[in-house]
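Below, chain A partners chain B and then partners chain C, in two separate complexes.
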Partner chain A sequence: MIYLDNAATSHPKPESVYKRIDFVLRNASANPGRSGHRMAIEANRVIFEGRESIARLFNIRHPERIIFACNATAALNLALKGLLQPGDHAITSDMEHNSVVRPLKFLSQQGVNVHRAQASREGSLDPDEISSAITCETRLIAVTHASNVIGTITPIAEIIKAAHNKEVPVLIDAAQTAGAVPIDVEALDVDMLACPGHKGLFGPQGTGFLYVSPKINLNPTVFGGTGSRSDLDRMPDFLPDRYEAGTLNTPGIAGLGAGAEFIFSEGVGAVRMHEKHILSRLIDGLTRIPGVRVYGTGDIERRAAVVSFTIEGMDPAAIGDRLDTDFGIGVRVGIHCAPDAHKVIGSYPKGTVRMSPGYFTTPEDIDRAIEATGVIAADRENHRYIPVSSPQPAIPRG
Partner chain B sequence: MEEQYKIFVFKSTYLTFKAERALKGARVACKVVTKPRDISSDCGLAIRVSASDEQAASKIMGDSGITSLGVW
Partner chain C sequence: MIYLDNAATSHPKPESVYKRIDFVLRNASANPGRSGHRMAIEANRVIFEGRESIARLFNIRHPERIIFACNATAALNLALKGLLQPGDHAITSDMEHNSVVRPLKFLSQQGVNVHRAQASREGSLDPDEISSAITCETRLIAVTHASNVIGTITPIAEIIKAAHNKEVPVLIDAAQTAGAVPIDVEALDVDMLACPGHKGLFGPQGTGFLYVSPKINLNPTVFGGTGSRSDLDRMPDFLPDRYEAGTLNTPGIAGLGAGAEFIFSEGVGAVRMHEKHILSRLIDGLTRIPGVRVYGTGDIERRAAVVSFTIEGMDPAAIGDRLDTDFGIGVRVGIHCAPDAHKVIGSYPKGTVRMSPGYFTTPEDIDRAIEATGVIAADRENHRYIPVSSPQPAIPRG
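Right, the complex of A and B next:
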């Protein structure tokens, strides 16, 4: 199939990721941090190397401040619930994913005051507007690095600078940019960075992490065994152990480390260049189809590899079904766990069709997707069904 | 004559493996071992080096910014 759902989970992965997971699962999947036999020590080494690989990719000076989590959502929950207390003020935006919206809603019910900065119709956030919303109670600004609906990139450097001028830390949700858009944690002076492992970083599902700068002190949100200071009935005071209770996902972290190493060797700049090239081709092609409306900015420099569109008079779900059934093209339809973003761009409640290419998407894949969308759009106008050749099944049968 | 060892203990597993990498990078023979019970009731790990390498190991770790909790 032609996989255009990389914003949900990347596919395929680099060969090195499959091989590393297979090797570790077979040879080094004892419990890291607990026992002292050779396989447990090797599992520990896998975790250590994974942390180091991520630190190198994001230029993180303190790798021990990378907290492994099972996805970006868990990382964001730790950041938000570990920091914010009743009476605090937090600023976010109306372009956020439910992984930020829902924990903040929960916290607002506990007494945290949440302000939502408004985005433009193109999903852009204004650093000045965010800065002007800061009060003396503001404890955190939490924003997405790029919209998971329309890909608009948030000017995080400007937002961090403005926030730091008023001594407010910033949490960046890099779900759509980690591995695909350069992020230099030290140069940007990032306070907290939440990343999924299974999207642009090419790890398997069940992986992710939160980077926490030395300036930030979070309360743990999960409590349990760490293999360290087992004599205490409270969590250790050092990182990463303080926030990593329970057995880690050793094979998953091995795959995530291999993915980070792959991107480092290719260069994030090369990934970004490829994605901009195919993104430009996709937007250009879709925009030319009568009846198709593409959302978001046309400025590729301000856009991650996410394209949302609708076809006039058609249910996005029907478009997605036809793309899959008749053309073997995998996309995501609906509101993509970000209802407010759809309200901003005017596609709520039906949502959009989202095509999200990745590093392994070819120009030919894009051309096929444009052609298929054109057929579906024309079919709508002519009220007739145009049969096409059967796609290859995603999983070989028989 | 039986070889004498020294055990370096660290605050975290992360630091233990950081120390191992630094020592191996400097070609100092070392082994990650379980913390001996008479050093700590913790179920963590430690680094074992030959007693004759203790000073060299301490210097390498110091140069790498790695602080141990102590040597036994």
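Right, the complex of A and C next:
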């Protein structure tokens, strides 16, 4: 199949990822950080190297401040719930994924005041607008690095600068950019960075992490054994143990490390260049199809590899269904766990068809996806297609 | 090596577990529950079948009430923090792992009153004592099914009965028993069961689950995308989605499912019988060595496959080190994330050497472990061994 759902989970992974996971599962999956025998030490080393590989890729000076989590959602929950207290003010945007929206909603019920900065119709956030929303109670700004619906890249460097001028830290949700768009943690002076392992970083599902800068002190949100200071009835004070309760996913982290190494050796710049090339071709092709509407900015420099579109008069679910069934093309349709972003771009409640290519997507894959979309749109135009969601033939336009 | 650290993480896994994980990683690791294309549907099926396999093994009538978690610690955190509110009373024991101790300590700081039932020196908990600690504010009893330090099995059937007589639910921490000791959720009328995937169930690290009976209503503790009711800014009301935020560990759950199927086909009874046989041999052999003290009950029926021992006058760390270095035997030493259990049995603060065999441990492995321990104890006796923790030759006893 032609897999264009990399924004949900990347596929395929580099061969080295599969191999590393299998090797570690078979040979080094003792408990890391618990026991002292050779296989446990080997498991420890796997975890250590995973942290080192990620640190190198993101230019993180303190690898021990990379907290492994089972996905970006868990990382974001730790960042938000570990920092924000009742009475605090937090700024976010209306382009956020439910992994930020839902924890913030929960916190707002606990007395945290949440301000949502409005994005433009293209999904852009204005650093000045965010800065002007800062009050003396503002404890955090939490924004996505790129919309998971339309790919618009947030100007995080400018937002971080503006926020730091007022001594407010920034949490970056890098779900759509980690591994695919260069992020230099030290140069940007990132306070917190939440990343999934299973998307651009080519790790398996079940992995992710939160980077926490030395300036940030979070309360732990999950409590349990760490293999360290086991005499205490509270979490240890040092990182990463303070935030890593229970047995870590050693084989998963091994795969994540292999993914990070793969990207480091290819160069994030090369990944980004490939994705921009592919993205450009995709947007170009889709835009030319009569009846197709592509959302978001046409400026490739400000886009991650996510393209949302609709075909006039057609249910996105029906388009996705046909792309899969008739053309073997996998996409994601609907509102992509980000209802407000669809309200911003005007595609709520039915949502869009989202094509998200990746580093392994070829120009030929893109051409076939464009061609298939063209056929579906033409069939709709010529009344040859009955939408899945309608029991009656669709009424012709015009 | 001879791996006797199965209480931390089981090793090896059945070949089917390795194969299933690799297959799913390569062929079905799209995002489960998010997209509608064939690979996403396949990922969905993997998750569904994982739940079904676990349900069959534990006789769980409602598979949708199996909440996947990244480890037992996360499952226990959900159970405890999702249920207990300030002012509530909870009963636990002094045999618990830090995965129960630490969340309860956190909750006690939020106003939950925690009573700790005292275990006997053998680690036994008395259902009558627990029952008599119930007050009208008691909202939960949380106990381990078997001590991770000395293996003593808790009489959960009796505790559940006594608790239900007073309408109090019980949370079972099955970290040391899931997959190795039969647990019939429906027959026992279990309220909540927390299990790691990577121990007796033969799944990979990064997996685990909480079963929540229909009588229990938990508040979600992690918030984020579920792929369902994405229009809501709160978690959906239905299970399992209500408690499963973010992308699930599809390949891990595939491996966990394969592990559960392996056990189901062998029969938990057969696993238990093998482990009792091995355990008996181990305890017997260790007990005969002069200077060795084995902790816990000698009644194999009341023991999971965990054996703690010390050698008089020797640091457990030094014993573990020598077992690994000179004999290639992997064990875990220290206090095993359960400081209070060591206070109960009298081995605090240095702890014990813990040997935890598994289903793949052979009688020959056990014999070699006994022999090695005998050599170490004899060397100590004959002043041939300098403990690692001492810079000077050890002072001979007597």
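The rule we apply is simple: the second predicted complex is superposed on the first by the 384 of 398 C-alpha atoms of A that agree within 3 Å, B and C clash if a C-alpha of one lies under 4 Å from a C-alpha of the other, contacts with A are read in each partner's own complex, and residues count from 1 in each chain.
As a working rule, a contact is a pair of C-beta atoms (placed from the backbone, for glycine too) under 8 Å apart; a residue touches a chain by one contact, two chains touch by 3 or more.
Since the model is a prediction, treat every value here as computed from it, not as a measurement.
Q: Which one hits more chain A residues, chain B or chain C?
A: Between chain B and chain C, C touches the greater number of residues in chain A.
Q: If you stack the two complexes on chain A, which partner ends up touching A:Y18: first (chain B), second (chain C), both, or neither?
A: second
Q: Quick one: classify A:A117 as touching chain B (first), chain C (second), both or neither.
A: Once the two structures are laid over each other on A, A:A117 reaches no partner at all.
Q: Can A:N249 be said to touch chain B (first), chain C (second), both, or neither?
A: second
Q: Determine, under the contact definition given at the top, whether A:D241 touches first (chain B), second (chain C), both, or neither.
A: So A:D241 only meets chain B here.
Q: Using the touch definition from the top, say if A:G36 reaches chain B (first), chain C (second), both or neither.
A: Once the two structures are laid over each other on A, A:G36 reaches both partners.
Q: Check the residue A:S230 against both partner chains and state whether it touches chain B (first), chain C (second), both, or neither.
A: Both partners, chain B and chain C.
Q: Applying the document's definition of touch, where does A:R51 land relative to chain B and chain C: first, second, both, or neither?
A: Touch partner of A:R51: chain B, not chain C.
Q: So, does A:H198 touch the first partner chain B, the second partner chain C, both, or neither?
A: The second partner, chain C, only.
Q: Residue by residue on chain A, keep only those touching chain B in one complex and chain C in the other, then list them.
A: In the superposed arrangement, which is not itself an observed complex, chain A uses residues 34-36, 227, 230-231 for both chain B and chain C.
Q: Over in the complex, which chain B residues touch chain A? Could you list them?
A: 11-18, 20-21, 32-35, 41-45
Q: Touching residues of chain C toward chain A in the complex: what are they?
A: 1, 3, 5, 8-9, 11-13, 17-18, 21-22, 25-26, 29-31, 34-40, 70-74, 76-77, 97-99, 101-103, 105-106, 196, 198, 204-208, 220, 222-227, 230-231, 233-235, 245-252, 255, 317, 320-321, 323-324, 328-339, 349
Q: Within the complex, which stretch of chain A touches chain B?
A: 32-36, 41, 44-45, 47-48, 51, 63-64, 227-231, 236, 238-241
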